[in-house]
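For reference, chains read A, B, C and D in written order, and residue numbers begin at 1 within each chain.
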Amino acid sequence: MTGSSFGKAFNITTFGESHGKAIGVTIQGCPPGLTLTEEIIQKELDKRKPGQGILSTKRKEPDKAIILSGIFENQTTGTPIMIMIENKDADSNDYMKNSTLFRPGHGDITYFAKYGLRDFRGGGRASARETAARVAAGAVALCILKKYNIKIETYTIELGGIKVKDISLNSKKTNYLQCPDLHALKLMEKRIEQVKQEGDSLGGVVEIHVLNAPAGLGEPVFDKLDADIAKALMSIGAVKAVEIGAGCEAAQLKGSKNNDQITNKGFVTNNAGGILAGISNGDDIIARVSIKPIPSIKKPLQTIDEQGKEVEISTKGRHDISAIPRINPVCKAMMAITITDHLLRQKLNQ
Amino acid sequence: MTGSSFGKAFNITTFGESHGKAIGVTIQGCPPGLTLTEEIIQKELDKRKPGQGILSTKRKEPDKAIILSGIFENQTTGTPIMIMIENKDADSNDYMKNSTLFRPGHGDITYFAKYGLRDFRGGGRASARETAARVAAGAVALCILKKYNIKIETYTIELGGIKVKDISLNSKKTNYLQCPDLHALKLMEKRIEQVKQEGDSLGGVVEIHVLNAPAGLGEPVFDKLDADIAKALMSIGAVKAVEIGAGCEAAQLKGSKNNDQITNKGFVTNNAGGILAGISNGDDIIARVSIKPIPSIKKPLQTIDEQGKEVEISTKGRHDISAIPRINPVCKAMMAITITDHLLRQKLNQ
Amino acid sequence: MTGSSFGKAFNITTFGESHGKAIGVTIQGCPPGLTLTEEIIQKELDKRKPGQGILSTKRKEPDKAIILSGIFENQTTGTPIMIMIENKDADSNDYMKNSTLFRPGHGDITYFAKYGLRDFRGGGRASARETAARVAAGAVALCILKKYNIKIETYTIELGGIKVKDISLNSKKTNYLQCPDLHALKLMEKRIEQVKQEGDSLGGVVEIHVLNAPAGLGEPVFDKLDADIAKALMSIGAVKAVEIGAGCEAAQLKGSKNNDQITNKGFVTNNAGGILAGISNGDDIIARVSIKPIPSIKKPLQTIDEQGKEVEISTKGRHDISAIPRINPVCKAMMAITITDHLLRQKLNQ
Amino acid sequence: MTGSSFGKAFNITTFGESHGKAIGVTIQGCPPGLTLTEEIIQKELDKRKPGQGILSTKRKEPDKAIILSGIFENQTTGTPIMIMIENKDADSNDYMKNSTLFRPGHGDITYFAKYGLRDFRGGGRASARETAARVAAGAVALCILKKYNIKIETYTIELGGIKVKDISLNSKKTNYLQCPDLHALKLMEKRIEQVKQEGDSLGGVVEIHVLNAPAGLGEPVFDKLDADIAKALMSIGAVKAVEIGAGCEAAQLKGSKNNDQITNKGFVTNNAGGILAGISNGDDIIARVSIKPIPSIKKPLQTIDEQGKEVEISTKGRHDISAIPRINPVCKAMMAITITDHLLRQKLNQ
């Protein structure tokens, strides 16, 4: 069915595999009269680009955004915006020899179970490469949010078990790990080097922070803002947990502590993460995602092939050591798309 | 828009406020020829019923399921099944005196921001009462799952900061808290008594466990099984975090540890929580939700009214001390609905 | 799937069979702050009520609208509005004896083919009774349209082969057939009497006329306004053709004649029926539906039973002779729902 | 919103303007394991290609189908299939001089009203060029239908007021007008020549005939098979009326005549057009569309510009004289998509 579409008022439909001709996204519901160019999209895409820093794959994708429709004289026309990104540097040879193996931690075994066949080149549709289409769509959403002065920041608050103790957005901007605590950054970098030697990989935690979102976004019952954020973020490949505001910690607080008291200057605390009963309350919206370590590692692991035969696998393809920081712009994009969707939906109540 | 609908192949649409005439649900996509009676639904509804145990509100709702359509001679016909639950014991008087106050931790302030007006009686649409409709729909989903031998268990693994150390489903069945560890149970009960005296409330953690789900459920990219589970569970009022498998802990594991290795007898571990690349792998599906403490407490808190005037509020309505254990059957229902939706969707690939 | 739902911004979901406990509709997307009472809905429902005039069934349904949710102090709250209509006068005995026969022109044979079983009492879900839920939802849509000064008129322009030559809305209001031409009316009444004697039934044509719809409603490509109108009207049981503007006649005109020329006072003609490229042009919107004769007739016809045995059938249940005029408010309701849906959707472009 | 998407189980999303870089379609829900190549799609696309026969525009589009995703080793993988068609021969100069005029019979005035701006080059999104994406998607649907032995024929039964008297599919295949009556064909050709001289254009009627569709397709109430067919066909630019089976004529028949009697060999007649109560009955499915004349004509007409100034317009762009026969494969495609959608949906009841 429509599992590659997301959003109701601001709706995106993506397509593409790691080693097909191209990936891309069709955006429906972008209002007319918005300035939009390939350069604006490219700027966001570049943040996700591989080949940056010590964690990253050697695959060099130019990841060039090409707008095929929906724009006239640099303005959105209100009709579908199609953004295509060609697959230029797809090298399938690495994958051929493992083509019948099910890589642990990967979708190989589940795609095979689901469809009875699979495009094994680079993970096919399950490749993290599909997230480039999300970032392209997110760039359009961010243009809309900008008009409302809504901003989204993402930063790494944990990597390989090392947690930040301080959040400074200025510090975040100085490093490719997008770590807002320079002391923690040093420990993280050390940890990465160590794990790289071991042929292993790391997970971490990313926080997403939305500023200036108006009160009133989100809908009762199922399309709650936090429910849609949870889906948006959990749909990103490596994410294993989504928290809103106090998140897991809320389970341990008493009501008198967890409740955000209200004065005529606003909320005293923000355990709610800016969302009450599924609707934004005007405070900052805060979400966190826990990211599992990259499953493709050099360290040999036990697995089976399509015939059920047991074999050992060691992945030597071009892979990152951690989904952080390349996953950060993806989280930002998914949050932008979700907020935009509800921002537009709220027009229907006005 | 359609924020009160959930699911694509198995689709539910709920309606109703705490103090309206009735609440209910219309179910589309239930296959024909399934045995379904009001008794079957009632059995699940009774598990959510208030007035059970020491944590619970005194409101006595018979919560009687009435099937209005879609059934002929005790069998589903394939057409929409409408289940109505009348509101019998709605006493609005408690709410009248606080009708212009925004209760901290509640949707009062956000519904008012969203719609410009609100049904303040008992939380209106934001009342936990709406979850009865979810449980009714879940009962239908459970009938479908039963045909496939799929079972769902929920149990309380944390309450007021006390965590279970052991999970015994037999133990769980002995107590209304649905706690699978009798030692932890005693500590939890003590904690509840103490907090009750303080006029405060508690949160906790519920785990949802799906047995015998086939491999192949879930769709690439956005409608991943874990993404839909995350939305389904986060849409329940009190939930502030959703974890799948290793969840938050996955962020701290190395790839070699987090990856579930595969032998010809199956997966060696289950950090994935039964889901790889968004598609079920045939192992048990495991999710956890962190639940915030009930916001309505006797302890006085600071708030404002609709005019922005600062006032103190102490909620003396009929409220539970913790959303646990009444939230457990709601979690079960939402999981059942999500699994059923994807079970039916998978027919389209066959 | 979701075949009992219609509309994207203004979304309705209906349920109910002819002989179940009740039928009804859940409306999502109705803006908050609209005055709505059971009386307002009842007024529209009464126009569809059986037992009026010489064409009609003897079944006496009070068809009483009961609002179960979404209204507070006579105002819409923005949350789902559920309207229920109980089935009071359902007499299944008439149907029992034909329970295994497939009535010609009815859905008996197709429901059986689709689901493998069927609720044979009164047509079950396929009964024209389901249209009462449409009319109830339409009444809500009409309230919204009224705020924008948009009006909808329906009238009978053909019955049993007799066509009107003149359209006078004043004349229409004088007769239960809703015929706007009093001369044609007399011929129609004569025709009805004659066919009643024969134990046969009649079809006809209804025109739907929307006044004051703004330009800009409808969307490119698939959700064109005329495409959605076509679906809305064709989904009414007895409808076999839908025309927009010049309709079938447009096929015979040359471009120079069919094109509506434009002056600074507006369009010179209205062959387009108020819709160009699927979007309203500000002129009156005009649609027509061709309605087949009621299939349930006394005259004996050839059919088979569930086992394929050939039998003769003569339907002696309580049936109308023509779907006109009771279908007129149903056409009005479906047009109102479609226009409202697009009126709200257009807010997203503003 | 999602006005460029169609279908629930078999879902297509199109994009593209007449003079943008490309048009195309993303198909979700195509089952895995189906053989699909660019050649298969090209074959259908070529039937819609301009530059064939005497009615047609001189624009020479290669209209080459490029599959960007969803195929691996010539088989569908179950993931989205994206088909792109580049715009090679788009010459915007013809349109520049009329860029602020509203062409009568076109969407210029309505797109401007809707969005406040418009891509005036060649009709932008409203151009008939978007139908190439429908045909590409239809080619995929036809592959699915072929597996079930379901066939679709379209033929021209009226052109410029000349009606066929006989339907011979063999005759149809001999001529580019797809006219199944060689006597009528001659009169049609004569009529075309005459109107061409006048600088005018013609409309007509196309019939769509589905063979071997199983009983049971379509859903109660709104997603009736005929309702979805009506929407599918009415969404094609030039269509002004959709009829099913006896269509408009059904309004004039008596019930005893219109009812299709049933014997153990099947239905005696097919006034229903193969659909009863919105569900296919196993007989041939028959629909007809009335097509308005091409609005772009040389003959001068009265219109206004964006400022409301009255001017005369004569369209000298490269245009067909009639939408027939190029619209025929578009009708076939839309029917194929609709039947496929319901064929897959019916799996959910099994």
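The working rule: a contact is a pair of C-beta atoms (placed from the backbone, for glycine too) under 8 Å apart; a residue touches a chain by one contact, two chains touch by 3 or more.
Quick caveat: nothing in here was measured; it's all calculated off a predicted structure.
K.L.:
Suppose chain centres are the mean of their C-alpha atoms. Which chain sits farthest from chain A?
P.N.:
Between chain A and the rest, the longest centre separation is with C.
K.L.:
Looking at chain pairs A-C and A-D, which one is connected by more C-beta pairs in contact?
P.N.:
When A-D is set beside A-C, the one with more contacts is A-D.
K.L.:
Tell me, please, which of B-C, B-D or C-D gives a repeat of the A-B interface, judged by over half of the contact pairs matching in residue number.
P.N.:
Checking each pair in B-C, B-D or C-D, only one repeats A-B, namely C-D.
K.L.:
What is the distance, in whole Å, between the centres of chain C and chain D, each centre taken as the mean of its C-alpha atoms?
P.N.:
Each chain's C-alpha centroid was found; their separation is 26 Å.
K.L.:
I'd like the Å distance between the centres of chain A and chain C, where a centre is the mean of that chain's Cα atoms.
P.N.:
Using C-alpha averages as centres, the distance is 46 Å.
K.L.:
Could you state the distance in Å from the CA-based centre of chain A to that of chain D?
P.N.:
Taking the mean C-alpha position of each chain, the two centres sit 39 Å apart.
K.L.:
Using the touch rule from the top of the page, what residues of chain B touch 2 or more other chains?
P.N.:
In chain B, 1-5, 8-9, 14, 29, 32, 78-79, 114-115, 125, 220, 348-349 touch at least two other chains.
K.L.:
Which part of chain C faces chain A closely enough to touch in the complex?
P.N.:
Per the stated touch rule, the residues are 8-9, 29, 31-32, 78-79, 220, 344, 347-350.
K.L.:
Residues of chain D touching chain A in their complex?
P.N.:
Contacts found on chain D: 1-5, 8-9, 11, 13-17, 20-24, 26, 28-29, 32-33, 66-72, 75, 77-82, 84, 114-119, 121, 124-125.
K.L.:
Okay, in this complex, where on chain A does chain B touch?
P.N.:
Per the stated touch rule, the residues are 1-6, 8-9, 14, 102, 104-107, 109-111, 113-115, 123, 125-126, 130, 158, 160-161, 195, 198, 200-205, 214-224, 226-235, 237, 240-256, 258-264, 268, 271-273, 275-282, 290-297, 299, 301-304, 308-310, 345-346, 348-349.
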